Amino acid sequence: MTPTRTVLEERVASAAPAEAKPLARRRLLASCADQPGIVAAVSRLLHDAGANIIQSDQYSSDPFGGTFFLRMEFAGTDHVVEGLAERFGAVAERFGMTWRFGNPAVPKRVAILVSKQDHCLQDLLYRWRRNELEAEVVLVASNHADHREAVEAQGLPFHHIPVANPAEKPEAERQLLELLDGTCDLVVLARYMQILSGDFLRLVGVPVINIHHSFLPAFAGAGPYARARERGVKLIGATAHYVTEDLDEGPIIEQDVNRVSHCHDVGALTRLGADVERTVLARAVGWHCEDRVLRHGNTTVVF
Amino acid sequence: MTPTRTVLEERVASAAPAEAKPLARRRLLASCADQPGIVAAVSRLLHDAGANIIQSDQYSSDPFGGTFFLRMEFAGTDHVVEGLAERFGAVAERFGMTWRFGNPAVPKRVAILVSKQDHCLQDLLYRWRRNELEAEVVLVASNHADHREAVEAQGLPFHHIPVANPAEKPEAERQLLELLDGTCDLVVLARYMQILSGDFLRLVGVPVINIHHSFLPAFAGAGPYARARERGVKLIGATAHYVTEDLDEGPIIEQDVNRVSHCHDVGALTRLGADVERTVLARAVGWHCEDRVLRHGNTTVVF
Amino acid sequence: MTPTRTVLEERVASAAPAEAKPLARRRLLASCADQPGIVAAVSRLLHDAGANIIQSDQYSSDPFGGTFFLRMEFAGTDHVVEGLAERFGAVAERFGMTWRFGNPAVPKRVAILVSKQDHCLQDLLYRWRRNELEAEVVLVASNHADHREAVEAQGLPFHHIPVANPAEKPEAERQLLELLDGTCDLVVLARYMQILSGDFLRLVGVPVINIHHSFLPAFAGAGPYARARERGVKLIGATAHYVTEDLDEGPIIEQDVNRVSHCHDVGALTRLGADVERTVLARAVGWHCEDRVLRHGNTTVVF
Amino acid sequence: MTPTRTVLEERVASAAPAEAKPLARRRLLASCADQPGIVAAVSRLLHDAGANIIQSDQYSSDPFGGTFFLRMEFAGTDHVVEGLAERFGAVAERFGMTWRFGNPAVPKRVAILVSKQDHCLQDLLYRWRRNELEAEVVLVASNHADHREAVEAQGLPFHHIPVANPAEKPEAERQLLELLDGTCDLVVLARYMQILSGDFLRLVGVPVINIHHSFLPAFAGAGPYARARERGVKLIGATAHYVTEDLDEGPIIEQDVNRVSHCHDVGALTRLGADVERTVLARAVGWHCEDRVLRHGNTTVVF
């Protein structure tokens, strides 16, 4: 049930004439109030500059008065691409755009936080080693020491920042912030069972993605599998979302479910759930790293 | 994503020697405290009586102290089968069983209640005409007159019992009870948008199945599609459940979901949701009519 | 498991200021050799003409030397929109485009051919009555008379064109061609169990969509459910495709599957399969009518 | 879309009184011509012997003249359980049963064969470490040396048995047979890209499970993802099956699919396919190890 996503990157990489210098690529992510002429202006700018649009996706929450979202991937010589950011500023100003350029050649630096359950951690590391994620994992931190050996065996730094009791949490967050400062573009909570404070989220300065082990908004909070069994649901799910101060309420990036029955006890639900969790989190992290996810209020646009 | 169910019925019907009188069939549905010897005692009774077990499913919530559930389908001559209910009483008493015999040759009589949305109604009627449901639809009742023509065109009685305001509800329920009294074995709320009172549920004397247009327990209550859109969920679902006094809290029989995205507005979510609703309700009604669903506290065992 | 599709139409319709004359809409479908500047040229033309791009999807089979596909939906005053087709000719010529304009206000006229199984027919008619398809069903034709009453009861012409033996087929096709001539924009084979000749396909002059009752290319040809049971597959599927002279080999528009098990005999597989068939065909017909499907050799691009 | 399976094992293990010696468990797997009295005889034997039936599943391909399949799990004291195999012989003879007793306390010994692609290998090892499989992985063998380090790091023996050209294959198979002789109860081909000879299959003496990277019978043979792209299918799948001399024709244990679109090139299809492959193979191996799979001609019964 994986949704279909545009996967032109490798064709681009491989299709350019072998003898020529490969073209540089960039991704424009932009949003603004919807209004006539946006696509015409952007595509003209890119064309006039000598860049070739490789892929373009757009969405308007309402073509007459809503918000317009654009993801445009283009290729050009280093010279062309480097000059574009500056020239784009004028167009962006005209339309009142929020925008940024992403560079697919520079993988996002990802820090992974984990507690005792390692299925999401292991799956992310596996996909990272296989180059399935447009990401560079830079460190793993945990409030438990359990996974030190497994992480270090993969050549990654592991940081144990314990939180023995609630009183230690501010200090642990301080250490985490120090550790993460400037080292990463994304923090992934791969079953990190500590609630991060609003101060932490403001200070960390990069997006934080969490995997929640239920189909939100059902079974928000703790113990979702036990509650799913009590309620007799026929599907269990998982939700990857950006973390906000409102616990389990942040913008949802991806969800999926798995069929279960009365035969599954809490242990079995937990095991089956682990498969959904790792799948859903890997998709969300992958899409984020490919600059496919734009926030829209408390929801997301996923191109 | 339809779960797999045993579907031996037609093989049984067709496999019996053509020249011989076809065997009668029955289904035993039983539950009791789990204890040794249940299957041995039941299967021996059936075998000694000359009945042939065609299918048997069992489940124990805990083999050492839980509840045991059994569904056993068997065939025998009319004489054998008719004598069995009496003989089974002794076994049932010994194990403290709650039990009943179902007769697949006698389809459940089903009354359908509907409001303005007719997709579930139409799908149930379609499957009924195709003999996909082990059921006989006996009447349709509605608080609106919209579907009279379509229902009567299929040779079914249609009853318009309006509920113009809350004050009229007790009288409407009284009329419904009078209408349903003795005429049906199951009431299906196929998008019937009135909340039935506890008194009604006690007096109607037969199970009531409802389709809720969300993946419960998420988005219980009204307007689930609008709330799903606001929350930015990536899957929408539907839930078929037995109706209890606790609104949207009754034992769940079946659930399913459909993938959606930011592109789907409330209208589109509603349309896609209608497809899930009709599918989920048809499965739940079908399984109930085939005596596959046993209640277990506030959950179900679906064989 | 329905894929997500852009569903902006109703927002467009409802969002235009109520007092103003509603804007006309058109859809541009175009393909050509991929080359720089296409989107810039097209979007500029539309913008300069005073049209507002509502939605735009593009795909390139290879950004450096492949085929480029574009679907662009736009709105403007009647005057603007009517003048555009002419002005677009010059752009199309410059890029060597194959192209056409679709008008969402003019639903596709659909003729349905059916044999004895009516589940796909009924589902299409149901969705047509609910306005879920951007289509106008204009007639139903069949080689059997079984469904005359059901079709005529919905106010639709029903044509019985029997094919008692292979020798009658040319004459039946001749009658069908006469019937369909100029009356429809799409022919849907909703379980029409006759193989149409190459001559018929050339002469009918409109696309023909078929539903095949298996997950092609597995179990092409007759009796897919019996062969699926013999082979012990764990999923059964259905495939909607454009009909070409190569039987069961035409470009695939949509496919889906349903989980089955050893418990399902051929009858049960057939019943479960019917649900997948009707779902898959309805999606394919809907997408075709919304101008979302472009052929690409023997495959399709579905926007 | 994971099918639901009975998962009572851990409840049994945990529910037995803590102070008492835990009960021994066994699984009876049996098949024979369907006939009256089988369940009665088997359950009576178990009950009389003092064993408690924990779970029972049965299936008959045809209650009047087909084949009957039974999986019954029971618990008893060591004394009771050990005496049962002998006593069961008489019942088995009476009904002409093929049967065996499985002991869940003795995990199946599994040898994994792999070539260059390691996603299935890694997933199996991951689940083995987490105790998700009722199996003991005993060795990994490969025709390439690539995965030696990763395998040995997990404390497992790795055997490199190269097959540089077809002429070397008989010798490689001889080495494999020597290696596997007596060491394993199951061989898993986790993307082992060598075709095993009929001689090998006869001599190895244990079941061999393969994962095929397509939804069989579609795209049997080599290069399924390239052919899937050429054919424009909208779903890609994987099939786990027992290996027989008829290549890609052995009894299917499990299948699943993933939705794709025109956007996915062969590389993307291969990556998405890898996820389905590892999931499908893990399920098949898990079910086999839990004695849930019985062969039925060229198909399987999966309880």
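For reference, chains read A, B, C and D in written order, and residue numbers begin at 1 within each chain.
By definition in this document, contacts are C-beta pairs under 8 Å (C-beta built on N, C-alpha and C of every residue); 3 or more make two chains touch, one makes a residue touch a chain.
Protein names from UniProt, one per chain: A, B, C, D = Formyltetrahydrofolate deformylase.
Quick caveat: nothing in here was measured; it's all calculated off a predicted structure.
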Of all other chains, the one whose Cα centre sits farthest from subunit D: C
Between subunit D and subunit A, distance of the C-alpha-averaged centres to the nearest whole Å: 36
Chain centre separation (subunit C, subunit D; CA means) in Å: 42
Multi-partner residues of subunit A (each touching 2 or more other chains): 1, 3-4, 6, 8, 11, 59, 259, 261, 263
Chain-level touch network, classified as line, ring, star, complete or other: complete
Parts of subunit A lying in touch with subunit B, wherever the complex brings them together: 1, 3, 59, 215-219, 229-235, 237, 251-257, 259, 261-263, 296, 298-302
Residue ranges of subunit A touching subunit C (in the complex, touch as defined): 1, 3-4, 6, 8, 11-12, 15-17, 36-37, 39-41, 43-44, 46-48, 52-60, 62-66, 75
In the complex, subunit B residues that touch subunit C: 1-8, 10-11, 119, 122, 126, 130, 132, 153, 258-261, 263-265, 267-268, 271-272, 275, 279
